[in-house]
């Protein structure tokens, strides 16, 4: 089993993969090979080609919002399924090759997303250092570790604690993020084929394109969820790409495709939306099951279904006719 | 075949029955016996007991509104089905035993409902006559015809043209109703068992009791129809009878129980309402099929259903488990 | 001050008037003259002509439903205002001139509405008696009291306890109504001019005619109430009278026209409905104030209003123009 | 007058500013000084400090979606107003210092957003060249122009036609974008103070934070617009930043704050949402006025308002009391 992740080693995505593997049985994890990638698009191509078996990618960050690259690849790819989620606490350290006074730092390197999350701290604590861009926080740490001692002098990297440790760097400051408590959510994606069984605490992910000839289409779509008691836990707009103001929506709802209320709302969406892309149903990482009012319980849907079946069973077959319809 | 109607002969209900029989094949109508009743409740008892096979009753009048007696009996009775509707143009004549000047009339008899519909005309044309109450317009005509000539002098009846003709009365004035164009709608009711086949231009009749612990319950109910593109052609409130402000709703919708959009809205009602009483699906007498947008067409519902089936078919059986759910 | 009521004396409407007077100050009630009428329509004409100053009429019965006569007169009359409501517990007695065995009764007289509410009891206890129709339960009692002893023998009236007492009849049986706990609601109507001040526990009565070119118009109307947190305590459909399926709705909502949430929903109705007939705001007889969520409180509306005022105050006057709009 | 833009010269934002100035009167544009900035955040700080008078920034791209940097600054800043919009057709050229065969190119530099929009073309036409990152497409062109001829050999920049021309580069290929017809929308922002007058073809921009204790809050919010006939032309979710799943929505609606329907929907939002940030009403660049049904016209709102005023004018002042409320 080959699992792809956005590398290099020690990125937050790598950390998410390690978290996912930590709860799998030993006989599974023993067979897993971890494969770093540089882009979700490339990893997805390899997934579809069978070169890897699964792929973990960031989908949502509590500070930066939806991860466009992942959202757009998921929206555009047909034969993949989300089978699990992971949430990673995002925290950054400032790390150098050796103990250094902050005032001696000339260059701080990191990934732009990380920079955005620590820029207040950097302005306050190392205002004079230049900020250099790396392709990932892990790369910033790795590159610093690979430099000659002279080259590395006066340089630091903004990276994860895992990266600092892995590459043997010295931590100058911890928890330097401006918004404490930031989290990134990751999804584990496989080639389509199997949807994880319902656990009672599940999520379902969709990409929905609205009918563009109808104002109020988003309202109508949300009403279908509301009519079936289905809560949204995430909604992200993404441009469809053809012209301004045309959006698709990436949506997570509480519940599993096997929950009648979820199936009923998806059926309704399928009727009114030109595109409903089902990306999977999978267990919530927090394990919290949403309370369901009686009118939205499986039994209630099943009884309503049986009632209508009993009624339509009484309809006169059209061939014979009946006095009342002559 | 015994067909009950609100009698006596020549009532508007009788006329509705004659209209219904007129379009049935000769071999059916040859076997029909017409049975007059004095009340819908009595006739319904006989219908349930098997003494008659069908029953025709007024349900709605364009001037007087819903016919409470019929609505309440339909709401309270379980094993009956509406299989057809009829609409009768309501027009009244003033009829006497012989040609009489309007100024010579002392007493005008009729049924209270008819009186309500001609009171303007009576005030204008025979202001000095007393109004006497008969149990039906037909009874008013019949009783007048049965009187001695002396007794009948100075008397007239407000009745249907059919009644005047049938009982040999002289028409003093025609179309004396205050609102020209009034109509009464009748339903033909049988013991439950067979629902007429779908014709494409059908109606479905329901009695719905709302959840009384929820303000906005009527709104919620109407949304279920709206979400499935189902139009209401009639909605009547009737008290449930236990305390003030508790209503059930008698509803006609466009479409047949076999129309997916009707079945879907009824399923939703069944989930949220404590009582949904299905009274039948039957051809509209005006034969007008309602236009249905593509999103509410049968095929659209069927495709959505098939799509969900294909998805749930991919769910891992819970017994085996899957790596992602461990 | 002349107060009209549906007579004769001791009807339930009379009882409602007595209840209303009982809570007025002595100096008001001392000046009140009670004027019986035979029909709401006639009394309304007298009210509009200034012959009486107020009028009390039944509007709703927990068993029989809306009182069509009153509803239709209220809907059709422009310059009247409902200023109060009363609720009367409906209970019937069987009363005769003297103590009589039930088996000796030949004729039981009453008003059809009362008969409908006691028919189960009558069938069970005096199955062999004929039922005679009187113009009111009070008239049944009064007529019985006026008969000669011989004529009165074997006769009884179904009437209110008040009527039996007032006309000196002997009560043979009490609480003979089939549905214990039935209530009738009455409204006190004056010529338009003054709306009672807000008490915090009020009702507002409307007659609304829906746009007939729009399916879903009732849904839209209810959404306007829902969007402003306004509960409906009664909704009655009444035919408009021009053709089948055309209804107006008689509606009571919780709250007073001076409640911002009520005013806001009425403004919305005024925009979308061809006819919104305001019939008055008045204190609830039960004195129960409805809880209002913060988003529907007066302050919340006032703050939203002030916010928009502050914004529109910043708009450049159109005459001068601004760089951005050239 | 100092107008800030995301520089350097010849960026698409600069082009938007030139478009905006092109339609202003000569006496205004003569006084305008164009001031390049490197980030929206910095420019906004200068705007608030009074160092510049206006600022133009990209808000939305038809391929890449909302421009997070601008959206987040607008959401977080209180005293600024959007007074105009501009739309720029996005097209790219591949430009070098001199005529060069595509196969001779070793390095192609550009901004990551531009790279994303031409990556298909680059893979197809210059597969072997390395892609270098510049801080803007204009910087890529400028830097190329500033190199020595030797350094510049084998290098090209992906930039706007304007940049290629301005920096004297040779265009090797035109319209190399993968999605023809891409557009970017820009907003012109001033310090709060004046809102442009209503033109009849306007837009209003808002940032709305939903009540987080209520599932269905987005639905409720959209219903407020729908109830007032207000169309959304853009809706973008942005994380609030505190934890996963907490979003604000950046919204453009059709209409001006002076349109009654817009004011009414904003009032409703103000009641139900913890934060409604009004960012301005301004003329649509396409000049298209949206059709408004009669029920949403200004007159209709004004008449409804006047009607309620006339009713509340009739309410008895609470101090005096009235017989009906005693």
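Observations
Order as written gives the chain letters A, B, C and D; numbering starts at 1 within each chain.
One rule holds for everything that comes next: a residue touches a chain if its C-beta (ideal position, glycine included) is under 8 Å from a C-beta of that chain, and two chains touch if they have at least 3 such contacts.
Predicted, not measured: the structure shown is a model, and the values here were computed from it.
Under the contact definition stated at the top, no chain borders both chain C and chain D. Averaged C-alpha coordinates put the centre of chain A at 27 Å from the centre of chain D.
Each chain gets a centre from the mean of its Cα atoms; for chain A and chain C, those two points are 58 Å apart. Look at where the CA atoms of chain A average out and do the same for chain B: the two points lie 56 Å apart.
Among the residues of chain A, those touching two or more other chains are numbered 223.
Contacts between chains, counted with the stated touch criterion, involve the pairs A-B, A-D, B-C, C-D.
On chain C, the positions that touch chain B within their shared complex are 60-66, 68, 87, 133, 179, 181-183, 185, 215-216, 218-219, 222-223, 225-226, 231-239, 241-247.
Against chain D, in their complex, chain C makes its touches with residues 23-25, 28, 83-84, 188, 190, 192-199, 223-224, 227, 257-258, 263, 266-268, 270-272, 278, 281-283, 295-296, 300-301, 303-305, 307-308, 311-312, 314-318, 321-326.
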